[in-house]
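Shared between the two complexes below is chain A, which has chain B as its partner in the first and chain C in the second.
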Partner chain A sequence: MISLASFGRPSLIAALLFAVAGTSLCVAGAVSRRAERTQSGARFLVSAAFFTGAAALSLLGALLAHDFSLDYVARYTSRSLSVAYTFAALWGGMEGSLLFWTVLLTTFAAIALTRVPAATARLTGWAGAVLGVVALFFLALLAGPADPFTRLGAVPPDGNGLNPLLQSPGMLIHPPLLYAGFVGFSIPFAFALSALLTGRLDDSWFTATRRWTLLAWSSLSIGIVLGGAWAYTELGWGGYWAWDPVENASFMPWLTATAFLHSVVIQEKRRMFKVWNVVLILLTYVLAVFGTFLTRSGILSSIHTFTEGDTGKWFLPFLAVMLLGGLGVVATRLDALRSENRFDSLLSRESAFLLNNVLFVAAAFTVLWGTIFPIVNEALTGVRVSVGPPFYNSVFIPLGLVLLALTGLGPLVSWRRMRPGALSGLVRLPAAAAASVALLLVATGVRSAGAVAAFSLCAFTFTAIAAEFARGGRVYRRAGAPWPQAVAAATARNRRRYGGYVVHLGVVLIVIGFAGAAFRVERQDLLRIGESMAVGEYTLVYRGVETDTTPEKDIVQANLLVEREGEPVAMLRPQRNVHRAQRQAQSEVAIRTTPVDDLYVVVTSFDSDGAAAVRAFVNPLTWWIWAGAVVMAAGMALILGGRRAQPTVAPAPSVRETVAVRP
Partner chain B sequence: MKARLVAVALASLLLVAASPQDVASDVADEIMSPFCPGVTLHDCPSGEADDLRREIVTMAERGMSKEEIIAALEAEYGPLAATPESPFARLLPWAAALVGVIAAGLLASRFAARQRSRPAPPVLSPAQRARVDEELQRFRSEA
Partner chain C sequence: MDERVSTPSRGGTKPKFLIGGAVIAVALLGLVGWAMGRTGSTAYFLKTSELAARGPTTGAAPVKVNGNVLPESVRRDGLVTEFTITDGKADIPVTTDQALPDAFWSAMAEGSDEVEVIATGSYDGRVFTAGEVLAKCPSKFKAKT
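Presenting the complex of A and B:
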């Protein structure tokens, strides 16, 4: 009988051939400026997407059918693995994750190239060529060193199963969202390069790809937060971000993409920062691929890298070509990329955006430096060192606080120039809110300078944003609408602007959650049945141990009664499980979560007499991180739900500018 | 004398504040785990890390300072610092940020100065200003 897996490799080869043809035709179309060739090229790339999708379906079929004749299926699944996690195994291993990446890439390319607005049709040729070259690289990897359809000589009766840490609901959506983010940036990257190659350097390349950029950024943002949530609930160390190389790999492109999203507004409104914008999107995509290289090369140690195989070595030349090629093209177009306007004043929104951009890029550089420093140091001194949270936090906390202040201040500053007096009038209320919060915190005994600064700046930014909504709604309020309708009407009228404010509100909530970590309490103890331990305001009483068995694992569970001021408030049941297929022990965390604090308990081992090694944390305000992410997602939905962006013309001075320049 | 008293009071305050668990937690936060790649000892979920964290609490209970504990651990496991020892490596991100901010500031102020040296745009006359206000009022009522 022919198995589904039999179609995998032929589909990949077909996809590779179609990608070669599509890329060649797109190049031919771009060089000869013949649209029909470009269109044929795009159609070939659509076919490449179809066959890549067929290869992925073939692998998925093999996974679900437990076809252990495939090495990949045997390594990442087992008969006892649930259907959902068997599905997730598609991206649980290196080859499958590369195939999934390529499916997204070719699908996005097919959609972007066949739905190009008329205004940017001339960019399709080179954009198709760039996307085709990227797709060719990944398809060549899949057809060669990262083949997911390698057969085993002897078929094992069962597979190794998926890493128990990956068996979490978050892993069903976290990797796809991250990949969609990384791959999504390939579209603006390709159109930016196309704009450079064709010399059509107006704003059409980024207006045509704005939705792709926003979708990619949104997807990456949610993916990163879900990754944090996964780490929090699965890894059992009480935190959500460890500055692990894999986390850093997703964070670097997010930082430069965030800078790009802000910076592109300047080009749109003021025709400035053109070179900066193409360099930023170039960096964003290169960093996204660099992250993929880091996690697949084995050059950095992390608890969740794919270190098997030698696939990583192929990424370096590819990265070098993309980065140097891209920068080379930028260098040849410097004249055409000259800004059409200049800074009118240091006190202007342009300056605020510039500072925001410098800080975001500095933050990205910090992450990059901390991530590659172990490699650099080993190459120079022969000593392998590690760089951990103390290094990153020492830079990120101050940078983050300045960025938070800019989040509140930026929207208050007018374009072009503003009188200091006009700004101080607008800043008065947010500054008063910040000062009140600072005083309140100090008066209640808070001594952490970082926490006082963070909460005060959160109050500043929150009030500034709320005031912006109030200013927008006031117009409708005068017409008699009640406040909620007035604010809703203002928001509906300019979804992009107010959606951005909602995203900023989400950021404020997330920072509140981060700042809560300053008050974290942690205790570790070995408890015998009947004993108790205190952590913060809670007492944990060890009531007993239970055992259970499922097809995948043997479960040992501690029953811990949680008391607060002598009153029982919850029963937490952390577990220590042994996954039989992997012969691996893993702790399952128990969390009691409220907006005030999380009581987070993990059992790291059980003695033969039932004594449990318990680590307990009280994590104040962590709930707000997840709430902030939901608010951010709502803001992104608000922006993406708006009308499609059209190329804009240089704006007349805004109302506030007119007022601001009055003598 | 007064200064010495204040110093003693501050030192005793610090001693009161830092319990062995807190010292152990600080140590675990500042060193990398010898057992888990790329994570601090605090964040390492392995059983060996758990034992080592408990050993650190014991060391702190014996009265060892944070520095003494870290030195003892490095003698046993090799370099564990989570921050690069070289000042160059530690300060490079700050230097990059500073250079970026200064360069951006210089660039912006240079262009802003050029703009200032240009003839000022005509100031609105009271009549023009009144007309702008009127137009704004009309726009608001239409909105």
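Presenting the complex of A and C:
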């Protein structure tokens, strides 16, 4: 039988061959410095992207056609699975997600290599070679040990279906966003290595790839938040982040990438931190691939891992080659990467950025330490230990608070040097806001030191950012524009700067949400029909059970009336569903969300007499996390929506810098 | 962290930056060290027979124990669940008032004896009292194909 799936493997083989040819030509072009060779190499890589895409379409076709002769289709879908989740099964299993990774990689590479600005044309050769090598690794995995097109001997009448936990709207976008983030960093990574290999160590490598970096960072940020939202609404333990190894895997590259986004600004304005920037993007990319490795290897168990298969063992040598190769290239170019300027003063924007960087990288290493400590410790001492959330929280609460303060303080400090007196004038208003909030909280009986610190620093940073917008708008205000228009005009004039501030505002709102966790209340009880339980200021009254049946699942639902001060405020309907294809029971959480608090209810079991084991949480201020994420996304859109940012140079007295404006 | 990398402006860095950098580095290392030492940050992760051999746990620090659940040992009474775990060499009864993962009940309903749990809590020499139970179930998908 000729089916769409028959084209999968040939397409992959073709992609592999084109990638070999493209990579070789790019290397040849880079070594011989002949642009036409590089260009034909790039064209071969475009063909590789085309055929990888064809392989993915073929797998998608097989999924949608329920072609259960393919092992992959039989394992991850079933006839009763909705079209949307059948589509999502493309990245729901190991082989498919690697194929999806490779499609993104080759497509991004094709776009980046064929749309190179003239200023960076000479970087294309080595960049193409680096991207080609990465693509070859993944294509070789797909052609060999992780073949998504493996056939089954006997075709089953129906498939196993997708894990019910993964059947959530978040699953349709969370993995693609994370992958787009991970893979997106390969473009600045490749151009950074190329800059090192060609010796063109000005900042063209990161200005040319800035949009890729921003897009990758934005996708990763939104992907991580959506992952948290998925955990919150699906897993039923009342939280959104568990410091699970795979969550950590996506968080580590995010931390180093965030450091990178900030530190390139210093290289751009002050020609400093050149080694640091190259190392940061290298670390980011290696950590992104390490994240993919953690999820694929099965060495750590978590909801995300696909324990079947041993594809993971191929990743370690690949990671080692990239990391050591990258650091080796950096080492050979240390002289050329020397800073063109020095620190002038401890109190300067440069110092603030440096501290920001040190803290972000320390945070990334903390997560790395906690994630791999059990493995290292067992290998060295034979004693198995685990590292839990208290470790991460103990480090991240103080680090996060310092970073939050720096978010407000940094933009107030001027480049090169600043008189302490000038800074204290700017800090007065935010500090007053912080002090008022702290006093108010203590006066109203809040005793959690962490929460008081967090809320008052949120006030500090919020006020500092608001003041920055006001300062920006003042010019237009003087010209007679009303405040909203004045601020909008200032923002439109420098979208990168003010977009960044909007992202910072989002961060402030998210921290408000995190700090709310200090006041979390959790109760569990076994309720018979008619009984009630108290949780925080709410009372849950168990009114009864309803049952229903859909083609996919049997639903059992508890009706819980929510009362507050004796008044009914809502009806919550948590469910326990049995998914027939997997014969798996799953709890569906019911949440009443308000900006003040979330009432989060889950039924963990029903007894035959209708008694329900109810677990309820009051999660104060969680709403602000999602609101902050939306504000962050708006800030990212503001930055990315602008035209290609014109490089600007900070006002600086030295002649060399003032003429360093590129066309 | 690589020394070369952490001092971007080499040659002629002023002493106050070196001192400031050293203070920050010491503070960060101290923070991580302090965090590692806090109760609950790290926990011993033992096999059933290792815990049985060690005997009762002491102090506030919880330990983790893993083993396979004997399917016929599972009893539930309201919020409390009791079951026995084994690693083939020793058995330990576990009691918990926490909700067990859905996958646990699904696997138990099928009578699977391949359900591995990781329980976190304390052991009095007879019974392990768990405040958290994670279940790792066999890949049913793989088993069927």
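We adopt the following convention: the second predicted complex is superposed on the first by the 643 of 663 C-alpha atoms of A that agree within 3 Å, B and C clash if a C-alpha of one lies under 4 Å from a C-alpha of the other, contacts with A are read in each partner's own complex, and residues count from 1 in each chain.
Please note the rule applied: a contact is a pair of C-beta atoms (placed from the backbone, for glycine too) under 8 Å apart; a residue touches a chain by one contact, two chains touch by 3 or more.
All of these numbers come straight from a predicted model, not from anything done at the bench.
Colleague: Judging by the criteria at the top, classify the pair chain B and chain C on chain A as clash or fit.
Modeller: Once chain A is superposed (C-alpha atoms), there is a clash between chain B and chain C.
Colleague: With both complexes overlaid on chain A, does A:242 touch chain B (first), chain C (second), both or neither?
Modeller: First partner only, chain B.
Colleague: Considering only touches as defined above, state whether A:233 meets chain B (first), chain C (second), both or neither.
Modeller: So A:233 meets neither chain B nor chain C here.
Colleague: Check the residue A:279 against both partner chains and state whether it touches chain B (first), chain C (second), both, or neither.
Modeller: In the superposition, A:279 touches chain C alone.
Colleague: Counting only touches as set out at the top, which of chain B and chain C does A:346 meet: first, second, both, neither?
Modeller: both
Colleague: I'd like to know which partner A:524 touches here: chain B for first, chain C for second, both or neither.
Modeller: So A:524 meets both chain B and chain C here.
Colleague: Output check: A:369 vs chain B and chain C. Expected answer is one of first, second, both, neither. What do you get?
Modeller: both
Colleague: Contact-wise, after the overlay, does A:476 reach chain B, chain C, both or neither (first, second, both, neither)?
Modeller: first
Colleague: Pick one for A:448: touches chain B only (first), chain C only (second), both, or neither.
Modeller: In the superposition, A:448 touches no partner, neither chain B nor chain C.
Colleague: Once the two structures are fitted together, what part of chain A is touched by chain B and by chain C alike?
Modeller: In chain A, positions 236, 301, 342-343, 346, 354-355, 358-359, 361-362, 365-366, 369, 373, 383, 385-391, 394-395, 399, 524, 526, 585, 587, 604-605, 613, 615 sit in both the chain B and chain C interfaces.
Colleague: Quick check on the complex: what are the chain B residues that touch chain A?
Modeller: 21, 25, 29-30, 32, 36-40, 42-45, 47, 50, 53-54, 57, 79, 81-85, 89-90, 92-94, 96-97, 100-101, 104-105, 107-109, 111-112, 114-115, 123-124, 129, 132, 136, 140-141, 143
Colleague: Please give the residue numbers of chain C that touch chain A in the complex, ascending.
Modeller: Going through chain C, the ones touching chain A are 1-2, 4-6, 8-14, 16-17, 20, 24, 28, 31-32, 34-36, 38-46, 64, 76, 78-79, 97-100, 102-103, 105-106, 109-110, 136, 139-142, 144-145.
Colleague: Can you list the residues on chain A that touch chain C in the complex?
Modeller: Those in contact with chain C are residues 71, 74-76, 152, 156, 160, 236, 272-276, 279, 301, 307-308, 334, 338-339, 341-343, 346, 354-355, 358-359, 361-362, 365-366, 369, 373-374, 383-392, 394-395, 398-399, 524-526, 582-587, 602, 604-605, 611, 613, 615.
Colleague: Within their complex, state which residues of chain A touch chain B.
Modeller: So the residues of chain A in touch with chain B come to 235-237, 239, 242, 244-245, 300-303, 342-346, 350-351, 354-355, 357-359, 361-362, 365-366, 369-370, 373, 377, 383, 385-391, 394-395, 399, 475-476, 478-479, 493, 522-524, 526, 585, 587, 604-605, 613, 615, 655, 658, 662-663.
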